[in-house]
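Two complexes, one shared chain (chain A), two partners (chain B, chain C).
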Partner chain A sequence: MSELAPASVRRLRSLAISDAGFVFDPRTGHSYSANATALCALDALKRDVPSSEIAALLRERFAADDVEVEHDLAEFIRALGEHGLVQSDPGGGSNGSGGN
Partner chain B sequence: MSKPRYERPSLVRNVVGRMNKAGLRGGLTPTEAVETLPAERLVAEFGSPLFVFSETRLREHVRRAREALQRRHPDVRLCCSYKTNYLDAVCAIQHDEGSLAEVVSGMEYEKARRLGVPGEEIVFNGPMKTRDELVRAVRENAIVHTDSFDEIFAIEQIAQELGIRPAVGLRVGLDVGVYPRWDRFGFDLANGQAMQAARRIAKGGKLRLGGLHTHIGTYVLEAAAYGRAAAALSNFAGEIERQLGVRPTHLDLGGGWASCNTLAGQYQSGALAPPVETYAEAITTALLASGEGKSPLIRVLVEAGRALVDDAGTLLTSVVSTKRLADGRRAVVVDAGVNVLFTAWWYRLNITPARPVTGIVEDTVVFGPLCMNIDCLRESVQLPDLRPGDVLVVHPVGAYAFTQSMQFIRLRPAVVLLDTQGRAELIRRAETLDDLVGPELLPARLRRAVELADHGQENGNGPAAKNRLKR
Partner chain C sequence: MASRPILRVAVSGLHLGENCQPGPGVIRSLREAYGARIHVVGLGYDALDSGLHAEGLVDDAFLLPYPSHGPEAFVRRLEEIHATTRFDVLIPCLDVELPVLLRVADRLRELGIAFVAPSEASLGRCSKDRLPELAAACGVATPVTRRIVDGAGLAAAGRELGFPMVVKGPFYEADVVQGPTEAAASFARLAAKWGLPLLAQQFVAGEEFNVIALGDGEGGVHGPVAMRKTVITRLGKAWGGVTVEDDDLTATATKLVAALRWRGGCEVEMLRARADGRLHLIEINPRFPAWVHLATRAGVNLPLGLVRLARGERPPRYKAPPPGVWYVRHAIELFGDQSDLECLLATARRRGAGTHQLASDESPRGDR
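Right after this comes the complex of A and B.
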């Protein structure tokens, strides 16, 4: 149950991503800085992992106790949409990751 | 092995000119401590938000300015500009360093007297001085600088009634190329009013001529303007001596030296203020070169406020919440707003986190806690991912922030002083509701309504409350 359209997954797969968090989009020439959790999420999104599982993954790798990982992840996907890196689909708005 | 700390996943577009070689990482140095005391510990002990003043830095700034002036002129005194920051401790430190008091109201005058400053060491400026305030000031030999002919006439009358002949100075309005020109204060030199006022004081038979004062503006970055002001005042003093046969007692060059703050509209980053030595050099060189240099030197007063006090003040504030705005920008709400940082409207205050930064920093809007759209401390500042409770350090806020703070929506926070040994002492406790409602008088008939409403667990506005009141 991935929220991303296949085209979005393909788009993310085209990004060049370094372990240090440097992200390059060959289609636009834009570059980005990603933090460690964003790298983890991007890697999972590229592999078409459902967002509920990505949230679990983040909880497993990072000391995330009481923070709202699902919400943050939905925000992150929305931000990817704003950067034009995924298609913003009407169902996957700012809050509705469906993860919780 | 412990897991790395979780941060919100974040992808930030790299913009040319804002990157170092690690992208947006690591470009931000936290401010973990004020002097030697960790910011987080100060907040834990004294609450948040919290004003923190450094005695060491304040003394350093005052000494440096004083020495810069006294190295170049034999008779200069600094004056503590009360309105810049009239917290007792802040003024007392400056008086301890030998500064006179510069006040612009009866309230400030009273404050200086309470601190033990004798009248003759108080410079009384400003466009409004009530009759009672003037009576007290002339009785106590304060250094009064008049602002208008009406004020001169009022003092003449007081002098007559008291049977004394006090010394009275005047504020002189100068055009020295500083924009905007502050021409609403005092007597203009160019149109002859200043000479007219001096003549009235010196020759009116009721007063003696005191000193000449000017204050050319505030945050004046061009130190040379002070040279022009000093030369103009000095030449005017010479002219008075020639025409009226009396010599002004002092020349007061006012304040307005720029502080280490950054103006909101400033394009360049970083503070642009010249060092205090540059201002001192401009003033003293002009005085010695003018006619002044040839006769015994007249005493010089300087009332620099923000340049001495701004850097000594820091505000610690805590994150209340974080959010994304409609346009995707990151925003934080903190517990101090323009209610305590009025100065945020014209300064681009530095805001830094109090703990080491990990991960990416991002353009962030910093909002205060007021339910008002105008309550914004910074439109854009680079900050890391923050959580509620994280402490931010705002600097410099020593000048005007506290004196212009208001009990609007929230009460004013506590103020601590870090002494020269690095100890923190409370110099003003946080306000309580009693501080706000203490002066209020609730008419008895309304008080009853409140009591009834309290008992009836209603807000007192509904028809039920009104019915009960009728019974």
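Right after this comes the complex of A and C.
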């Protein structure tokens, strides 16, 4: 699993995240809901924890198997990129209004 | 005993329909600032302008001739209204009113009516066909835009800009067209509705953000509030929105409004391109948008600032608005009977707020 550079998670640090899983991006006004697994992963990503350690953390906390955790974490990071919240996809804007 | 109004204000642009106008949001913002100490004269163009009939919105209502009837007809009607019910401040809320009002500014001042409006030069610089010039001067990206007056120009724009492309009316409405056939249909429709010239604009995929602000005419920009539309109508208008905190967005909008030396309310429409994250200037609207009340609820009462500017005072010191304040519009029906319309259509005036309240024994029979 590829690691994210510290600068690429800067946007994540600006998110307002509630314990109930409500996530608000003040820069774009988008809001999301996150389950307990996603909240755990977000918290670790914001702290620059390496992906391998996040996977271990999730395995331990949610009693999931190795393959499933690695796959889901990679998918989650990809989704964050699509939403412009990490810079794996710098274009962002997944919910574009599509016109001017 | 009710205190005497300290502000008597006339506001236009009162219809909340498919294309919502700013007047109701302006009035609600002022009522929040002035409480019972305000008297609102509603200025409508049609007896069915919804704001003329909304409970608690206007205290007195009058119909105006459309600005297309020319400055003389417009100012004479304002003089008549002013002679009937004095007002000290006029807040025009429609784009098409500004060029007419600028031509009669001296006569309004002679009557003691204060209003805030951009100079003719500022207004010209933010017209849709001159935006690229402004954007370039400010170092802001903007989609390539071409003025089109006929089919040949449209075809040339299509070849140059490619598809999808945006075809825009001179004041309102835009279509995203996917090819030459759609472009021709859009051109015919918009030209018939709004006249020529139209504009063809490069399509930029991304997310739209809007910034509302108040310019003081000397390069000062007060209370910029940025928002993203969360609910968008078929016409591309905001039916819901949320405030956002984006320093780049706010600074870019502020730079543009300052460069125009804009005097009055305005809305800067920008698009953050999906491809590279850059902001593109799309449009500058020469008045507050219909979502102006969202800014007020986020702590930035810009209509209050506008009134203070009109009176030669300083606008309030606005704090940066918090992100996450949202609104969603809620359409309800307003009811009346023929007396409500009769009054407006026969005398072009209707006293009092809201519609005639139907008593239970007056309810339409079909409802019983």
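The rule is short, and it goes like this: the second predicted complex is superposed on the first by the 83 of 100 C-alpha atoms of A that agree within 3 Å, B and C clash if a C-alpha of one lies under 4 Å from a C-alpha of the other, contacts with A are read in each partner's own complex, and residues count from 1 in each chain.
Throughout what follows, a residue touches a chain if its C-beta (ideal position, glycine included) is under 8 Å from a C-beta of that chain, and two chains touch if they have at least 3 such contacts.
Note that the coordinates shown come from a computational prediction; the quantities given were computed from them, not determined experimentally.
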Notebook entry, point to check: So, A:16: does it touch chain B (first), chain C (second), both, or neither?
Noted result: second
Notebook entry, point to check: chain B or chain C: which reaches more residues on chain A?
Noted result: B
Note to self: A:28 in the overlay: touching chain B, chain C, both, or neither? Say first, second, both or neither.
What the structure shows: second
Notebook entry, point to check: Common interface residues of chain A with chain B and chain C?
Noted result: 30
Checklist line | chain B residues touching chain A - in the complex, by the definition given at the top | finding: 2-14, 19, 22-25, 324, 328, 359-360, 385, 387
Next item on the list: In the complex, go through chain A and note every residue touching chain B.
Entry: 20-23, 30-38, 40-42, 58, 61-65, 67, 69, 72-73, 75-76, 78-80, 82-83, 85, 94
Check: Contact residues on chain C for chain A in the complex?
Finding: 143, 164, 166, 174, 176, 201, 203-208, 227-230, 232, 236, 241-246, 269, 271-277, 280, 282, 323-324, 326
Check: Which of the residues in chain A end up touching chain C in this complex?
Finding: 16, 24, 26-30, 84, 90-93, 95-100
